[in-house]
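Inspection log for the structure reproduced underneath, given as structure tokens.
Each chain gets a letter, A, B and C, in the order it is written, and its residues are counted from 1.
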């Protein structure tokens, strides 16, 4: 691959500090036109800060940014966009209460307060068509779209801005693999046209498929850049983490099928969400919920935590039939259910409050637990190696991975019988993932039943003892032991029948 | 280090107290009688009425909501208590204060139900509860000042002194202490600010958030009713719209005291300072015999200044 | 078609309710729908309608304006000095009044944007300031407004009330075009998700300032029409208008959390509120019961709007997206 001589964007000696924390330290980094440049690093490595700097969301404390050879001050996203630096943010830049059409026109270059530019709409429609988004009508409200559909719209919106540098920050995380492949096709086309692409993803196979070059960041510092394929996963991960991680997943044990039943669902149903869900969960078992996004898996977890009204079917906890009507009831020791919800920022944690306050919130008002005793959280915080200055630090100051550790520890202190997890490792760095996996296995060994919803089939394969694959609100496949293969999971997710025990 | 830090109150809490001191000092240069014990004791007595209302408002604002029914809960409880005394029946007369407080709690529960169960924005729901209370009062009293009088107890609570301190002030301080304990020492206190910051995450932590909301609004209702009973004792009567002038100063006192109108962050101690500041400011402006127009202008400017001071200081750090 | 209904159902319902109320009003009114009756009705409605539009511009960007009434009082008092004399003087007076309104709105906006004070508290304080200035100008009601311009603005053209034409003009020539501009869309973007708006390249600060300035402009227009109707200046008119403007936007389907609702809805909400009081006035109900009934209707309407949540089957849905 031949690189053009001037980079689209070059950072020289760039540092960024927030208060007393250094997010980036003296970074020198360039991205050229016509290349797909992947950025790898753990959470807290400085990837999102790097992107925010280039997208004009934040400004560097030190150093300079050069765009196409010209030194620029990117005061706000609108200026960055006008120089062709277009970003698809992880926290999407779509306005929920506006229609798709309005979102596409919003802030298009040269709009200002004047007339909206409707020329970009047909362009966006044609892009949506190419990435399986033809069903998304321009008049739909963004709030009514699924996360995957929103990511499709976000992609279309970004491409209509005539980018010279396209930044993708986890922008395909909710899309299924066939759509991702189509998006990649578009991105490659952009690359042919001379557009530079900065690509951030936690999915290694995506990076392998798409990237030309890879840069690694660690602890706010630039580490190195190399061509894709030059090194193997093991090396890359060790450079990201700064140490070698041999096994991401803990070894599986032989699962005792005679262990005591913890949770049993019989024809558990909720109109409009899921239907006829029957599963059995035993002590020490890690059971996965798989399938494409939004097939009713998450709703089952919500129902078990007492958040749904009018569910049908039977729930048995430790052999007793129960009705769960409120989270307060669910967390009480006689049921002992804990839910780590999908979105840690808005559901799992009160970001503005301190770590200690967040840890105590679930434990308060639970019988037999002294919420104010810090030692009940300590073992879990240590097992997860929570990094913080003190427990009085607001959770908002922690990195995503550390936040998730708090969201997990606050429930473990209740010593639950059954732990429900909704995609606990989404957008989380490898090291934290490894710590979470190890802890989950240890918890299972101590007799807790774990129900793990995951969109990452690696987790289902390597961590779970068995997995239920959802499609359209029903379990279409129950995969056990050696049936847990990528092929079987993908086939079941798309409801194509192959191996495994097929339902219905 | 941490323990040491905790001993120094947050500067947000200190601001209104510093403001109050500045008011007394500058005021006394022009009017030396401001430093007199009688004058200051009288200010504490007057501050108690606003103070009780502001305590309740703080609880609701910490929750991330607002109670705009303060004015007519106050008026309603004043009307109820004086009307019961006015019947001449000794038993009803004795029950007048408890019944007025129950009325306050009841309206608080209605407020809380609308907000917590029907999910109506508190600003709209409490406003319409307020207008219904006004409507009921107009129907019952014919739009005239209601007949009735304050009982001896009510008058004593509002106007008597114990060793130089106004009894009303002591009551205010007792309620303050009770609420501080409630916030610091109970789960309810924890839940209150968690709901204020993020209700969804609090519910998902297994907290019955509707109960928290309803309890908070009923505490606010009781506080407003206490204010009404004391004010009726002070004036020895109830009258239409006696609560109207209190609504905005109440909110101003809470906010000047450093409580965020968005919920979550704030303190009772700050509110007490805010109440002292506003009471004294009003009093000094009226001692200076300034016209309503200038009072309103100065009031607005000073509040803007204090709010700007608070928010710009935060922006810097 | 389904999408359009979903996005606009609140306004459509408000307009339908208004139509029913109107039919009821004109059919029960002793003199029927004469031009005179229509004009009186439309004048009252438009004043609150303009106040509601002022409130709308604060609410749509996730704010609230407690100074709407005070700006009306201030502009009304200024009008009672300036809108008199030759045609040129009257025109100049109107411009000054509107400029004062915009200035008040900008002051609010700057306190919110640069002072970082929450709108509810900022406007609480500026409301006191504006009211004070109004009281300085008119300690007691007085002054007068040019009769000719008042007549032109408050009577009718070919039997249609001028104020009604004015209201339709605002919708057709101001609101509908605004909705197709970056500013109009930006208002919704800022109110719906400030972060998304910013990342999409919207200048959040400018949009907020513009929104508050527009709010001030419409509060001044409300004060102006109040002056045309009463032809006098009075600093005491504020409090009712502030609270009613909030009630009106809510009835008109504007969500206080920002980002949802339209100017048309706010206007319809105000018309509904005023029509209800007019209806009561002629309905023969005991006058003493009217405040209670008005309160009950308002609370009932709001509670019915809220009753949707009782049907929600997932507890998390009540928190919105």
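In this text, contacts are C-beta pairs under 8 Å (C-beta built on N, C-alpha and C of every residue); 3 or more make two chains touch, one makes a residue touch a chain.
Just so we're clear, the structure is a prediction, and the values are computed from it rather than from any experiment.
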| item | value |
| --- | --- |
| Chain separated most widely from chain C, comparing mean CA positions | A |
| Most extensive contact between chains (C-beta pair count) | B-C |
| Averaged-CA centre spacing for the pair chain B and chain A, given as whole angstrom | 45 |
| Rounded Å distance, chain B centre to chain C centre (Cα mean) | 30 |
| Shared interface positions of chain A, touching two or more other chains | 307, 347 |
| Residues of chain C engaged with two or more neighbouring chains | 315-316 |
| Sequence positions of chain B contacting 2 or more other chains | 200, 203-204 |
| Of all residues in chain B, those that touch chain C in their complex | 66, 114, 117-121, 123-125, 127-129, 131-136, 138-139, 142-143, 199-200, 203-204, 248, 251-252, 255, 260-262, 291-301, 303-304, 307-308, 311-312, 314-315 |
| Chain B contact footprint on chain C (complex, rising order) | 64, 111, 115-118, 120-122, 124-136, 139, 243, 246-247, 250, 256-257, 288-296, 298-299, 302-303, 305-307, 309-310, 315-316, 318-319 |
| Sites on chain A touched by chain B in the complex | 305, 307, 326-328, 330-331, 339, 341, 346-353, 357, 360-362, 364-366, 371, 390, 392, 410 |
| Sites on chain C touched by chain A in the complex | 3-4, 6-7, 180-183, 185-186, 188-189, 191-193, 195-203, 206, 210, 259-260, 312-316, 321 |
| Touching residues (chain side chain A, partner chain C) in the complex | 55, 57, 76-78, 81, 87, 89, 91-99, 102-103, 105-107, 109, 111-116, 137, 139-141, 143-144, 270-273, 299, 302, 307-310, 347 |
